[in-house]
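Next come two complexes, and both contain subunit A; in the first it sits with subunit B, in the second with subunit C.
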Partner chain A sequence: MIRIYRQLLVAQIQAAAQYRIQAVLWMLFSIIRPVIFLAAWTAVSSAQGGSVGGYSTADFAAYYIAMTIVGHLTTAWNSFEFEFEIRQGRLSPKLLRPLHPLHYAVVENLIWKATTFLPLLIVCAVVALTFRVEWHGEWWHLALFVPSILLAIALAFMLGWVIATATFWLQRINTVNTLMQRVGFMFAGQIAPLALMPIWMQVVAYSLPFAYILAIPAEILRGGVTLERGLIYLVGQAVWLGLAIVAYRFAWRAGLREYSAVGA
Partner chain B sequence: MLRYLRMFRAFASTEFQFEMEYRGNFYLSILEMFLVIGTSIAAVLVMFGHTTTINGWTLPQMIVLLGVYYLIQGGVNLVFSPSFERLMEHVRVGTLDFHLLKPVNAQFLVSTRHLRVVRSADLLLGLVVVIVGLVQVGEQVGFAQALLFALSLVFGVMLVYSLLLGLVTLSFWFVRVENLLAIFWAFTEAGRFPVDVYPLWLRVSLSTIVPIGIAVTAPANAIAGRMDWIGLALLGAGTVLAVGIASALWRKGLQSYTGASA
Partner chain C sequence: MDAPVVDVRALRKVYRVTERETGLAATFRSIVKRRYREVLAVDGITFRIDPGEVVGFLGPNGAGKTTTLKMLSGLLYPTGGEATVLGHVPWRREGDFLRGMTLLMGNRSQLVWDIPAADSFLVLKEIYAVPTAQYKRTLDELTELLELQPLLHKPVRGLSLGERMKVEFAAGLLHSPGVAFLDEPTLGLDISMQGRIRRFVAEYNQRSGATILLTSHYMDDVVALCRRVIVIHRGVLLYDGALADLAERMAPYKRITVTLRGSVGDLSTFGEVVASSENTATIHVPRTQAGERTARLVRELGDQLADISVEDPPIEEVIDKVFASERPLAEATA
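On to the complex of A and B.
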């Protein structure tokens, strides 16, 4: 398995090297939304005399910069691509290979993140300077962030695949994707840190998987949680990841039976 | 002029017939738009749960702004972006020849030939949001204000149009410009808040490189009573200039188009 992955990595790096500019441009999508909401919350905070519900202007900056990094690292686009692959008949040859299609996607995903991470950090540094960020974390926040972001990356990726399998039944999953994106927009902590949402929204947010992908790793990275809270969050992330994997295995097996192989 | 309007009607009706072949998709797109606008309003409401103004903008004014954002986006997505998508394809494949041979203004044809009729629902929804916001604003909106609003809205759309035309024209030289358009779309999201909340570097890039900031904020300003005739005149002059530059660039680009078989 390791040998296979090494080969795939080499091949994917070569492929990615041809689209360097493209890769960097797509990175802009990770940055623009957090910066927009950071600007808006900065305006709210200054209208309220420098802090809102325990978040100072500098805390907002820290939260949204953490959010940019987390959002970038947890990007997963398979639910958008999969429909296209089926429609174009590209899935069938992949299924014939001895390796599960998932593995190609894993490598593709990791390479993109690895190659765009440095430019992202540079832009984040610029944003951090303009918004005068302050970091109030402890060393263990960083230690906690490592497993948290890994869980979040895996969860986002697997969730993307669960949604992608819906294509087997629905053919077009545009609407499903939009629905997921918008629910994520509301409840993942993009529009506001979870603590600033009305209580009912917080309840919904903590019972959906989206916050475990974005808001929770971002809060941990910014140093906004106690140790016990952080550990509970990690458990929540692990539970959601487990659920996503089970759902995926089930849906994939059932979906393949439904698959009628366009273009075969 | 009348001839062009008739032509536009013909484009719209053929495209509508085409879209109605995928009826399910048509209705789902409308549903999606409800979702998008609903969640955007919810986001603004969450913010205003903690404050009464953002940079001097009250909640009703912000709702008007959001409505304008979707109005402009809807307008651009209704006509210009589907047409320009095809234009880029025509340039790449070389089938632009067929457009150029027709006895009409080529710029008109490539800008309006294809419509995504379902996006007119966005226009409608955007309008509803604007009206809801206006009712909340409460003060009487006079005739002058309404006129200012309508004119700045038209100017805003034309500003965005000229930028898009300029970007797409670059495809005559660079062939693949989808990535530039992708950046454009990424930046348009910034239009959901008034341009004055952004830090200077972002504001400069929004208002000059991506005029969506101006396009959205100006009409909302007009409703909020923060726009006078001088402001409108400046906006109008800027728009005329932008459209002029974009169509000059278009003609220049057309000269370097070599066609499919040449």
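On to the complex of A and C.
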């Protein structure tokens, strides 16, 4: 499997190298939303004497910088790409090979993140200096962030595959994707840190998987959780990942029975 | 006798498709309540293919050929029946099965468009776990047979249709599959490229001993490559046997074409005149009497006769007759 991945990575780097500008534009696009919210909350915080619900202006800046990095690392476009693959007849050649189609998506995803991560960090550094970010974390926040972000990346990816498999039944899943995006936008901590939301929204947010992908790793990275709470969050992430894998395995097997290999 | 490479028993596939009438009202009704219709694509076909055979799989559009190939290559689940390919049930998609077969579709690409074919080949080498020495040997062989050398290092998107088809063939055969399903492999290619692909398939079959099941709308492909054909129509198997026997049974006549130095007179005493122009006529005569009628024509037309040829009817005509009959030929044999 290592040799397969090595060769797939080489091929994907060659293919991606031809679309450098597009990759950077997507990366910049992914930064816009958190920066807008950062600017808005900074303004609110300044107007209220420098703090909202215990979050100082510097805390907001740290949170949204962390959110930008986490958002970038957890991006997964499987659910969008998969529908396209089926309609264009590109899934069938992959199904004919002794390698699960998921592996091609993993490689594509890794290469995009790897090639755009450095420019993203540069942009984040500029934003951090502009908004005078202060980091109040401990060493163990960084240690906790590593498994947390890995779990978040895997969860976002597998959740994308679960949604993608709906294509086997629905043919078009744009609306499903849009619905998931909107719900994710509400409950993943993008509008505001979860602690600033009404209690009922926090309950919903912690019951859905989206916060475990974005808000939780972002809070851990900015140093905004206790060690005990951080460990509980990791368990929550692992549980959601387990559920996503089980759902994916079931949906994939059932979906292949429905597959009509149209366009191929 | 060796076990069959492909063994199909009462294989069936029914698609469920949505349908609605035209018009705005029908569109709104379909939002509330969907109507489905069942389409029987393959209706209980049975056949077996032995190792090393090249079999033509014929039928008009919508006959169920591609659906059958997709089931045999593991892309589709059947609605009923059984099949094994290389001893595996295809739709279980086991690794050994996938490593042992290939499905090449004339109008579909399996290569990455943005990179040269040589790089895609390296990916396939690893995916199929082809040992390096075997990979080099196979690639050299395919490069020679398909004249690939100038194409290997160009991005695939820059290749012409014919060039792309050649690299697609190489990509599909790099892992030396024991069975190859070829779905319209010469579709859209010019005459010269069709001939080259045909020669390649014949050569590949001889060299590797691979079993090949081929669909094509070009009867030249079938005549050049397949001694045996399976004919299906509306999902039902109509004929399975030798191509030569098919012609004999569906068209029990030979076609004699005569060219005269003068104008054509009444030739109906020699057989059924099916076409006639100023100095050329085509006559159908019973197969068993073709020799005797030809001799009579030569004798009676004498110096008037400029040219004469005796042929089987074109295969297209024979196949059309099978499709038109729409029922299985009585003694269809494998």
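Keep in mind that, in the parts below, the second predicted complex is superposed on the first by the 264 of 264 C-alpha atoms of A that agree within 3 Å, B and C clash if a C-alpha of one lies under 4 Å from a C-alpha of the other, contacts with A are read in each partner's own complex, and residues count from 1 in each chain.
Following the convention adopted for this analysis, contacts are C-beta pairs under 8 Å (C-beta built on N, C-alpha and C of every residue); 3 or more make two chains touch, one makes a residue touch a chain.
From a predicted model like this one, the values you see are computed outputs, not experimental measurements.
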- Item | subunit C versus subunit B on the shared subunit A, clash or fit after superposition | fit
- Report for A:Y259: first if it touches subunit B alone, second if subunit C alone, otherwise both or neither. second
- Using the touch definition from the top, say if A:W161 reaches subunit B (first), subunit C (second), both or neither. neither
- So, does A:L95 touch the first partner subunit B, the second partner subunit C, both, or neither? second
- subunit A residues touched by each partner, larger count belonging to subunit B or subunit C: B
- Query: Just subunit B (first), just subunit C (second), both, or neither: which does A:R3 touch?
  - Reply: second
- Mind working out whether A:A11 is in touch with subunit B, subunit C, both or neither, as first, second, both or neither? second
- Message: Tell me the contact category for A:V52 with respect to subunit B and subunit C: first, second, both or neither.
- Response: first
- Centroid geometry (CA): angle subunit B/subunit A/subunit C, rounded to a multiple of 10 degrees: 90
- Just the number, please: smallest Cα separation between subunit B and subunit C in the overlaid arrangement, in Å. 6
- Task: Please give the residue numbers of subunit B that touch subunit A in the complex, ascending.
- Result: 25, 28, 31-32, 35-36, 39, 42-43, 46-47, 49-55, 179, 182-183, 186-187, 189-190, 192-193, 197-199, 201-202
- Note: in the complex, subunit A contacts subunit B through residues 21-22, 25-26, 28-29, 32-33, 35-36, 39-44, 47-48, 52-53, 130-131, 172, 174-175, 178-179, 182-183, 185-186, 191-192, 196-198, 201
- Note on the structure: Interface with subunit A, subunit C side, in the complex: residues 15, 70, 73-77, 93, 95, 98-99, 102-103, 105, 108-110, 112, 114-115, 119-120, 122-128
- Query: Can you list the residues on subunit A that touch subunit C in the complex?
  - Reply: 3-4, 6-8, 10-11, 14-15, 18, 89, 92-93, 95-99, 256-257, 259-261, 264
